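Just below sit the structures, each encoded as structure tokens.
Below, chain A partners chain B and then partners chain C, in two separate complexes.
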Partner chain A sequence: MKTLIVVGHPDLDGSSTQAFLQASAAGVPTAQWHPLTLNVAAERQALLAAERIVLQFPLYWYAAPAMVQEWLATVWTTRFAQQLAGKSLGVVVSLGRPLRDFHPGGAVGVSLDALLSPFAALAQTAKMTLLPPLAIAQFAYQIDAQRARLLVQYQQYLGLTVPSSFSAQAAWWQTQLAQQPQAALLAETLATRQARLESLRATLAEVKGDD
Partner chain B sequence: MKTLIVVGHPDLDGSSTQAFLQASAAGVPTAQWHPLTLNVAAERQALLAAERIVLQFPLYWYAAPAMVQEWLATVWTTRFAQQLAGKSLGVVVSLGRPLRDFHPGGAVGVSLDALLSPFAALAQTAKMTLLPPLAIAQFAYQIDAQRARLLVQYQQYLGLTVPSSFSAQAAWWQTQLAQQPQAALLAETLATRQARLESLRATLAEVKGDD
Partner chain C sequence: MTETEWLLEQAQQLADAATDYGQRAQLLALADFIQAQATRLEQAEGELDGRAWDHERW
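Right after this comes the complex of A and B.
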């Protein structure tokens, strides 16, 4: 699956979040890191060649930055959008506030889903499959363990057909681990556990079928 | 009450909706028609001088156009926003689709409230009072009666402290009608009815008090 990462950040070189994501994306051979431009023909060609389009930006005053809106208005016209039907659309958004602020009663008072609803509408209009957003809150304050988890989540978001499926994630881990000889044993253990889990699930389905 | 209308339209001269709104706003002496600029000092001075700030724009791909986002990022910084506490914030949004599209199950699949939620979050952060949005759907297809109604709604949105209050609307009509000699009788009738309505309301309150 080819993935195009459309990066819209007003200060790309100064962003440690984006530097981290770019390094992480380099580990996904099928994903293309693509800071957006307003070259309409080139942008459209890149969009058409991808199966998944990931829009990636920081939230500025609770919305996508001006450059993303400009890009949508220029490149992604209503007519062109018709050619994107069937592709999947992801949104990777970085936040300067903690996630708990994005709730009624929280400091922002509005859910992140509501703030990102323009992209739900965009996906519906273009007949694309919307992925749940990947939100990165306060990257600067994240400790190493959180960043290690983010790397995995992000790579899966770029590379897995259904990033939220548990079995797809387990398969992804096996592939990753198999590539590192010292981790072969761990990969084998994981494969065994996954097999047992599937066997248990099958048994459970049979039991339920008996009701 | 001084109202600043911050107009963010990428093709202001070509928009019949905006021409209509500008002509309507001319009937409200306390409202200032102000196409946005990126002159930070001048914009901030205008914002600080207003008691009500109305952001007015067409929806482009279900969000405010790039120029509005650019203006917010440039002029309306987090620090500056603290000086806007206590003012009211309105949103006048023009739509190319009918309102019925903006519902789950509709063509857009998302409510207008959700799409405009970044402005709810903006108001909450700046401690401003958010007004319900004034949505203008498919102005080009509106017949004269609809436009006459829109003119009144828009003028009230700009001029009334609480545009959604019925008694404030009745008082507004009386003022408007008193200015036209031939309508004096109508204004008097309206005033009499409003007085009767208030008397009935008082009686009702007394009756309830007896319970």
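Right after this comes the complex of A and C.
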């Protein structure tokens, strides 16, 4: 699956979050890192060539930065959007506040889903499949283990048709570990356990079918 | 040592030995997957056992 990462950050070179994501994306051969431009023909060509489009930006005053809005208005016209039907749309958003603030009654008072609802409308209008957003809260404060988890989540977000599918994640790990020969025994044991899990689930489905 | 503990230990050892950041990060994050898989296995085994021992279904 070919993925286009449309990056809209007003200070891309100064962002440690984006630098981390760019390095992580380099581990996904099917993903293309693409800071947005207003070259309409080139942008449209890149969008049409992708199967998944990921819009990636920091949240500024609870919305995408102005450059993303301008890009959408210039490149992503209603007519052009019709040509994007069937593709998937992802949103990777970085936040300066903790996720717990984004709830009714929380410090922001509104959920992140509510703030990102224009993208749901966009996907629906363009007949695209919307992925749940990948939110990165306070990257600067994240410890090593959190960043490791983020790297994997992001790579799966870019590369898996259904990133939340556990069996797809299991298969993804097999592909990744195959590139690390020293992890061969680990990979084999994980694969055996996954096969046992799927067999157990099949048996359970049969048992439930008999009820 | 259980199989899950062994897997977690292996992943940690490989992460400690990794020189490439991307590989190291993946191996660190692998612990989440190992734990999630272990939980799912335990739940599936438990559910199957529970159904097998449900006397109302004998």
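Operating definition for what follows: the second predicted complex is superposed on the first by the 211 of 211 C-alpha atoms of A that agree within 3 Å, B and C clash if a C-alpha of one lies under 4 Å from a C-alpha of the other, contacts with A are read in each partner's own complex, and residues count from 1 in each chain.
Just so we're on the same page, a contact is a pair of C-beta atoms (placed from the backbone, for glycine too) under 8 Å apart; a residue touches a chain by one contact, two chains touch by 3 or more.
Just so we're clear, the structure is a prediction, and the values are computed from it rather than from any experiment.
Asks: A:Gln82 in the overlay: touching chain B, chain C, both, or neither? Say first, second, both or neither.
Replies: After superposing on A, A:Gln82 lies clear of both chain B and chain C.
Asks: A:Trp173 in the overlay: touching chain B, chain C, both, or neither? Say first, second, both or neither.
Replies: Once the two structures are laid over each other on A, A:Trp173 reaches chain C alone.
Asks: Look at A:Asn39 in the shared chain and tell me whether it touches chain B only, chain C only, both, or neither; answer first, second, both or neither.
Replies: neither
Asks: Name the contact category of A:Met67: first (chain B only), second (chain C only), both, or neither.
Replies: It touches chain B, and chain C stays clear.
Asks: Looking at the overlay, does A:Asp144 come into contact with chain B only (first), chain C only (second), both, or neither?
Replies: So A:Asp144 only meets chain C here.
Asks: Based on the superposed arrangement, let me know which partner A:Ser164 touches: chain B (first), chain C (second), both, or neither?
Replies: The answer is neither, since A:Ser164 touches no partner chain.
Asks: In the superposed arrangement, does A:Ser117 touch chain B (first), chain C (second), both or neither?
Replies: first
Asks: Would you check which partner chain A:Thr129 touches, where first means chain B only, second means chain C only, and both and neither mean what they say?
Replies: So A:Thr129 meets neither chain B nor chain C here.
Asks: Following superposition on chain A, which residues of chain A contact chain B and also contact chain C?
Replies: none
Asks: Taking the touch rule as given, give the residues of chain A at its contact with chain C in the complex, in rising order.
Replies: Counting only chain A, the residues touching chain C are 23-24, 26-27, 144-145, 147-149, 151-152, 155, 166, 169-170, 173, 176, 180, 182-183, 185-186, 189-190, 193-194, 196-197, 200-201, 203-204, 207.
Asks: Using the touch definition up top, name the residues of chain C that touch chain A in the complex.
Replies: Against chain A, the touching part of chain C is residues 3, 6-7, 10-11, 14, 17, 21-30, 32-34, 36-38, 40-41, 44-45, 47-48, 51.
Asks: What does chain B use to touch chain A in their complex?
Replies: Listed in rising order, the residues of chain B that touch chain A are 10, 60-67, 69-70, 72-73, 76, 107-111, 114-115, 117-118, 120-122, 124-125.
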